[in-house]
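A, B, C, D, E and F label the chains in the order they appear, each numbered from 1.
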Amino acid sequence: MMRRLFPAPLLSAALFIAWLLLNGAAPAQLALGAVLATAIPWLTEPVRVDRPRFSAWPTLVRLGFVVLFDIVVSNVRVARLILGPEARIDPRFVWVPLTIRDPHGIVALAGIITLTPGTLSSDLSDDRRHLLVHCLNAGDEALLIATIKQRYEAPLIRIFEGAR
Amino acid sequence: MNWPHLIVVPVLLPLAAGCLALLLEPRWPRAAARLSVAATLALLALAIHLVTIAANGAVIPYLLGNWRAPFGIALALDRLSALMLVLTAVVAVAAALYARGGGPKGTHDARGRHFHALFQFQLMGLNGAFLTADLFNLFVFFEVLLIASYGLLLHGGGAARLRASIHYVVFNLTASTLFLIAVALLYGLTGTLNMADLAQRVPIVAAQHPAQVQAAALILIVVFGVKAALLPLYFWLPDTYSAATAPAAALFAIMTKVGVYCIARVTTLIFGADAGGASDVAIPWLPVLAMATLVLATFGALAAGRLGLLVAYLVVSSAGTLLLAVGLGTAPTVGAALFYLINSTFVAAALFLLVDSIASSRGEARDTIAPAPLAHRAGYGALFFLLAAEAAGVPPFGGFLGKSLMLAASVDEPMAAAIWTVVLATGLGILVALARAGSVVFWQATDANRMQAAAARPSFTERAALAWLTIAIVATVLNAGPVSGYTEAAAAQLLQRGAYIEAVLGAEPVAPLWNPRAGDIKP
Amino acid sequence: MSLLNHVLPWGIAAIALAMLLALWRLLRGPTLPDRILALDTLYIDSIALLILIGMRFNTALFFEAALIIAMLGFVGTMALSKYLMRGDIIE
Amino acid sequence: MTLPLLAALPFIGALIVSLLPHHARRAAAWTSAAVALSACAILIVLAPQVFAGEVPRWSIQWVPALGLDFGFRLDGLAWLFALLICGIGALIVLYAAYYLDANDPGRRFFLFLLLFMGAMLGIVLADNLLLLVVFWEATSLSSFLLIGYWNHRQDARQSAHMALAITGGGGLALLGGVLLIGNIVGSFQVDAVLAAGDTIRASPLYVPTLVLVLLGAFTKSAQFPFHFWLPQAMAAPTPVSAYLHSATMVKAGVFLLARLYPALGHSEPWFWLVTLTGLATLLIGAYLAIFQHDLKGLLAYSTISHLGLIVLLFGLDQPLAIVAGVFHILNHATFKASLFMAAGIIDHETGSRDMRVLHSLRRSMPRTAALAIIASAAMAGVPLLNGFISKEMFFAEAAALERPGIMTWLLPLGAVAAGIFAVAYSARFIHDVFFNDAQNTRIPKAPHEPTRFMRAPVEVLVVICLAVGVAPAWTIGPVLAVAARATLGAPLPDYSLALWHGFNFPFFMSVVALAGGALLYFGLHRFTDMHRLIHGRRGGREMFAFVAARGLAGVRAVTAALQSGSLQQYLMLLVALAVAAGAWPFVRAGGFDWPTSAMTPVELPVAAIGLIGIAAALGTAIFHRHRLLAVTVLGAVGLVVSLLFVYLSAPDLALTQLLAEMATVILMMLALNWLPQESPPGRSDAKRAWHLALAAAAGVGIALFVFLTLIQPTESISSYFLATAVPLGGGSNVVNVILVDYRGFDTLGEITVLGVAAVTIAALLGNTRLPRSVEIQRPPATERNAHPLMLQIVARLLLPLVLLVTVHLLLRGHNLPGGGFIAGLVIALALILLSVAQGVEWVDARMKGRYLIWTATGMLLAAATGIGSWAVAHPFLTSTYTYLMVPWIGAVPLASAALFDLGVFLTTVGAVMVMLTSLGRLSQTRKGAV
Amino acid sequence: MEALLAIFVGVLAGTGVYLLLRAHTFDVVLGLTLLSYAANVTIFSMGRIAVAKPPIIQPGLAPTLANYADPLPHALVLTAIVISFAMTALLLVIALAARAATGSDHVDDEPSRGRAQDAG
Amino acid sequence: MTTTFLLDLVSSALVIVGVFFTLVGSIGLVKLSDFMKRLHCPTKASTLGVGCVLIASMIDFSLAGETSLHELLISLFIFITAPVSAHLMVKAALRDDPNIPRP
């Protein structure tokens, strides 16, 4: 019953929260938010083809903080690079081999890589086994790959593929 | 006036019919078409009813949304707008009927998609433009009728129509932008959009900033000049009108009249003799340009190589004639112009339809003015002869009466000699052009017997459409007395703007049934 | 009165400067992706600008504009980039 | 009621004939004859009244505004002309029934003939000058049809044109003249006009009036220099020539002179204009007639000359001359009609009308010869025939004219010369056709006498010529008296209709004319080869053709130059005119007052934003040839405009502008798929300079205008909206309340525009398969994957969130920025995003995209919401709102305007989706096609 | 501010007119877009300049033009934006359909027709 | 040294930081010499730049008494969409760059 009412419970929850963020938590808005949290997933049902499965919630939260921290740190680093002499910049493309298979996980990884300044996920190989990353200042390529895999990919694997 | 909401129905009826036609068409195209024809007939009945109401001489306002003018949008029905509604409906009935006819290639309306929806939306735009008393709302209805006309012009497809439509669309979009700018400037100066209110405020503002108000007024007239086919703004028109399918072209015959209507409306109501520093901005430019239009349109008619083009030039020439009379701005000239307007509209529409019928009876030659076989020569020839005489302003038809009225009315004008020379000489030019074209098409028709077998007789609805317009023309001439009396009264009403202003601005909203507005709950 | 009220005009000015710099790149190019990038930057900068203006004028009325830029502002970037990479955007 | 019946008879006949079967020639002829004879009978019944000096009248109002009544009157002049029209008409019908070939469409002939007869009767009977003009032009039109009757012949068509151009044009001039008369007199009633002669002559408009009326009369009556159409009109069948172009239609011009003589005559301009025109026509026509080789040509020029004579008589402005003129109208009609019919018989029986071919016909067709000779003699003015008497009267008037100066000798001399010429061509007609046995050309057909009925009309007319010539006072006296009296509008002068007035000067002139004419012809015949003489080749006809051809070429050149088919040129004119319209009042006012009032200080961010906007707009123009680049830069302009809206307090506008801009960019990208990536460089620098100048003028103009307006204080109606939006409109977002309530009608129109755009796009692209031949230049697709994974997942993730925001925007619209259109665009953009990410087929399969239904439903919903207020007797679109108290939740606002906004929303989503997916689907068809 | 706004409108209109007068459909579309911006900003500015006064009625702030921007031009511009969006869409579609049908994106008929056929 | 003042200070600092990073992003956009380098710039603005400003705004509005949290939604949307933009721009720029080795 609940499954049929809420085909995507996580989405419903997200929508409900988002509604309250937009409109505040007055009683009328709570009611309306509930209605929308029910109706929208139902309406968009045809569009959800392969649904992500989340698990390992603590990992998710921890990853969130790690990413935020990395964003701040790399922002500062990159700002220095930009404002300094350009010769210090040594950009390079690096193919990062992927262990993660879940497409949502891959996209999340690519997003995180892009959001942390200094690295850009540029391409995904056709077999989805390699991610092309552009580094503003690559330094040690192997280290970069290792950092990515350890800091972001591993938690993402747990989050998206933990249930398997 | 038994039911007060009748005034808005000429806008809503086509809107609803258009939407329903859209919904019906995918599954039940015939039902959509029938609905459209029925709605058009209903519109005619309604328009006739409204004319009888307007004939009493009162300006009847309608406050949309129950907001007092100038705050809400008001509609106003006076003799002129009612007349325009009837003209539109009469032409629309013919166009709708004709669209249901057609040769072996299928009916006209089936040569593209959504004909009837577009047709109805065009009617909505036209009727709205004639009824509204609000300048910006007029812009909106201009856009409605224009965008529908783009669709109708493209109906049936083909490279020629696409090319013509590029010119048409771009030119009119530019004009629409200008319209917006003119409205903006007027609003910036006066702080209002309602035309009655503008009429009141313009003299006050013009006392301080005459040049600015005049400039805005002139830009506005330029915009209407595009629709009305005023020199040098009509050059897009002949190719466009002659490229459209017949029922669309017939309906287009009313479109130049929208421009004329708007010029007549604003030059009397807002920038008329009472407009203080902005009074009579259009004089003497408008009559002069109109005369030049008339001359060059006659040239075009003489030079035209296709019947459709020739008819399009006739539309331009009649617009020139109308603008000349409207531009003079006296009650007799405007009255004469309105009389002439009736017949010139019907004739242009009928000729567009007839030319299409003729073209489909001439095989490959279509409507080129060159010797070619022609089926059903006698009938076409007779009708063409009648309509050509009408168009050239030769007796005994309405064109003649209209021009006579106009000449008689302009005899005391300072430009009378020029006006008379131009009107009479261009009348001759058009007579010659039509005689040349007709004699080539009908007299030099070769090999008619072979065509006779090949070309189908025009279908019943096509003949009905032509007959309907012919009846309308003849009826106008036979009732020229009452009709000219009406147009004279319409002109008088137009020039006595006080009644219009008073009716629109003095209209009282209906008392609300309940008043939640007094409620104390904060939204 | 508050410190923020002194900071905001300068902040807005700085964002405006940032946008002018992006404009320079937009006009300068040299490649099309450069210009798309500049436009994208302009969009991002406008989010900041809208928020700062909202703070300065003490109104929440511009949030929706910022929200929509955040949500759909990349549509233009996406369309242009997709066009460059595929020669077509809806396939 | 007999009068309207008389006028209607021909038209009733025409109606009957038009209903007859195609080749029912005989029935058509009988009908026509019946019409003509009945009309004659009516005239005879009315004769006693008319001869007693009464004027029967009948009239009804037609166009009071114009002073145009539909009415008839029958005075002596009208009676005479009506009798001429009907009597000769009857004879012509009889003649034509035998003349026409079995292959000729007989029904059409008689139909046109009856129409003409009706028009002609209308002219003479009209009681209202405007009505006269109506019928006048009708004669031109029916004449056009009759001249072009054998329309397979090129000369017939050409002649018809020429006649129409000249007489139709004259008719328009006449219309002008008549309208002037009406303006002077205050009425078009014939009686009123005739009584107002002094007023008219005293008017400053007299001369223009006279000139216009005379133009009408002279063109119709083929007066010099408009005479040339008449010989050309001989391309018509001979009965037509006899009827229209000698006896009736051409007489309409002189009828008009007669009719308006009391009103327009008695003045110096009249005398000089009419007399000189008549004299010139008389001489030229008579002279040229001598040298025609075609029988009908000779008769046509003779007709011109005789019309000139009549005109001349009216011009002399003497009562006796008027009597002579009326008399000659009658005489000429009889002898000329009979001559034309004789010529037709000759043509019919010999197969030729060429005097260089014909000869000696007195032998083979003696009766016809006798008739023709008598009629020719009448034409020459031989005593004992009617032509002699009127000519004598003319000579008498010419000799008696008391005018100082040139006219004292010019007129008598001209009269005698014309007399000589007339005798000469009459002699030629008689001699060259019926005698001249020395000629030995072969006549195409073996000539013989025609059928009795074909000759009968000629016989009747010749008998009349004789009777009038021998006993004028008894036969024609009363008729002439009553007609002349009506013409003069005054008591008749003393005159005697006698054959012999003694050896006076006119008699001497007659003798000189007869002898001189005979001498001239036989002298020419003897001493020159007359058959080789060609005169009048460079005549008016050639002039007309030349002018027409040149005129047409010029007209075509002008039209081609104006209708160049160049949109650029058209737009330049539009922009230039708009700039001129905006600038002119300032130019006239001598500039504008530079503002002194305080301005709002510039804020730095606005300055920066404005700078970006200006630079980006210029960039768009500079880069426009690289389209993708231009679109990118244009995107910045759109962004700047919406930021400006934000800064200047228009959040709703900012949202709308932003979303519309995004959607527009998508549209442009989609369209660019099918268009070249670059515009070729312009070829003309001069033109670009013009464009730049115009653009600069437009820019400066609008900037100045905006500036001048902005610095003025304003008193806007908007304070009302602010004051009432919450209490009366139920919403605190005033812009939205305006959109859905105060000006909801605008919004209804606006969504209609959007919907119709979608409909048109769907109609245009719906089943378009872009043809294979179109090669689209596109950048190479280097990316292998059409749908990058990242985009797919993000787009799918965004959709529910966007939907949520959409609902948010829709619901809050009335109170806060948002509303149906904004919400609609948001959801549409999200769907487009999905289409880009996943492909249009993917989305279609899931959305079941019948978006047009959304559009139509949305429009219907908006309209229906408005209509709902009718139920409570309120105007369309009256909104209301209330609060529904829900336990626990509280007050839930329910506004009818929200329903309207929902309609806007549905329309927008549907329309935008139709537009974008129609374009997007083109790629699918391309995949299928290429 | 007034002058800045006026100059902005002027530049939009000028560039719009220049592009409008180009010979190829897409350029004309760009020109019309700029022109419609010019028109919209013109209308908008006719409510006079108001910074930080959105016409959204706040409780406690007297609803007069002194406290709020003139809302009417906003509503008009909104309508104008929608209409011009619709028109642009249609014109683009016509342009590409014409290109497909005739093989050229020149605004005129076959280039031989007018003398004024220069591109650019 | 009230909480209000502290929060004012914090939000002012956040505005300064956010604006700084936004500006740095744009400076890089102008200063750096090739596209791939420049592409790293807007991420400054979109992450820390806008992020700090949004937090400042949240604080500021909360100070004014109206809890304002939709800034979070703005951040969420930026975090979702910004990587896609960058990703697509790289792809657009790389469309004909043969120098990248395939894995």
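FYI, contacts are C-beta pairs under 8 Å (C-beta built on N, C-alpha and C of every residue); 3 or more make two chains touch, one makes a residue touch a chain.
Not measured: the values here are computed from a predicted model.
Between chain D and chain E, the least number of touch steps comes to 1. Taking the definition of touch as given, a chain qualifies here only if it contacts chain D and chain F alike; those chains are A, C. The chain pair with more C-beta contacts between its two chains, of C-D and C-E, is C-D. One inter-chain figure worth recording: chain A and chain E are separated by 40 Å, centre to centre, where each centre is the mean of the chain's CA atoms. For this pair, chain B with chain E, the centres built from the Cα atoms lie 27 Å apart. Between the Cα centres of chain A and chain F there is a gap of 16 Å. Remark: chain B and chain C have CA centroids separated by 47 Å (rounded to whole angstrom). Shown for chain A are the residues that touch two or more other chains, namely 18, 22, 110-111, 121. For chain F, the set of residues that touch two or more other chains comprises 20, 25, 27, 39, 41, 46, 70, 73, 77, 80-84, 87-88, 91, 95. The set of chain C residues that touch two or more partner chains comprises 15, 17, 19, 32, 36, 38, 61, 67, 71, 73, 78, 80, 82, 84-85.
Listed by label, the pairs of touching chains are A-D, A-F, B-D, B-E, C-D, C-E, C-F, D-E, D-F. By the touch rule above, chain D contacts chain A in their complex via residues 784-785, 788-790, 793-794, 796, 799-801, 803-805, 807-808, 811-812, 834, 846-847, 886, 888-890, 892.
The touching residues of chain B, counted against chain E in their complex, run 136, 140, 143, 147, 150, 154, 158-159, 162-163, 165-167, 169-170, 173-174, 176-177, 180-181, 183-185, 187-188, 193, 522. Across the complex, chain E meets chain D through its residues 1-30, 33-34, 37-38, 40-42, 44-58, 63-65, 68-72, 74-79, 81-83, 85-90, 92-97, 99-101, 103, 105, 107-109, 113-120. Within the complex formed with chain C, the residues of chain E that make contact are 51-52, 54, 56. Only residues 20-21, 24-25, 27-28, 31-34, 36-37, 39-41, 43-44, 46-48, 51, 67, 69-70, 72-73, 76, 79-80, 82-84, 86-87, 90-91, 94, 100-103 of chain F touch chain A when the two sit together in their complex.
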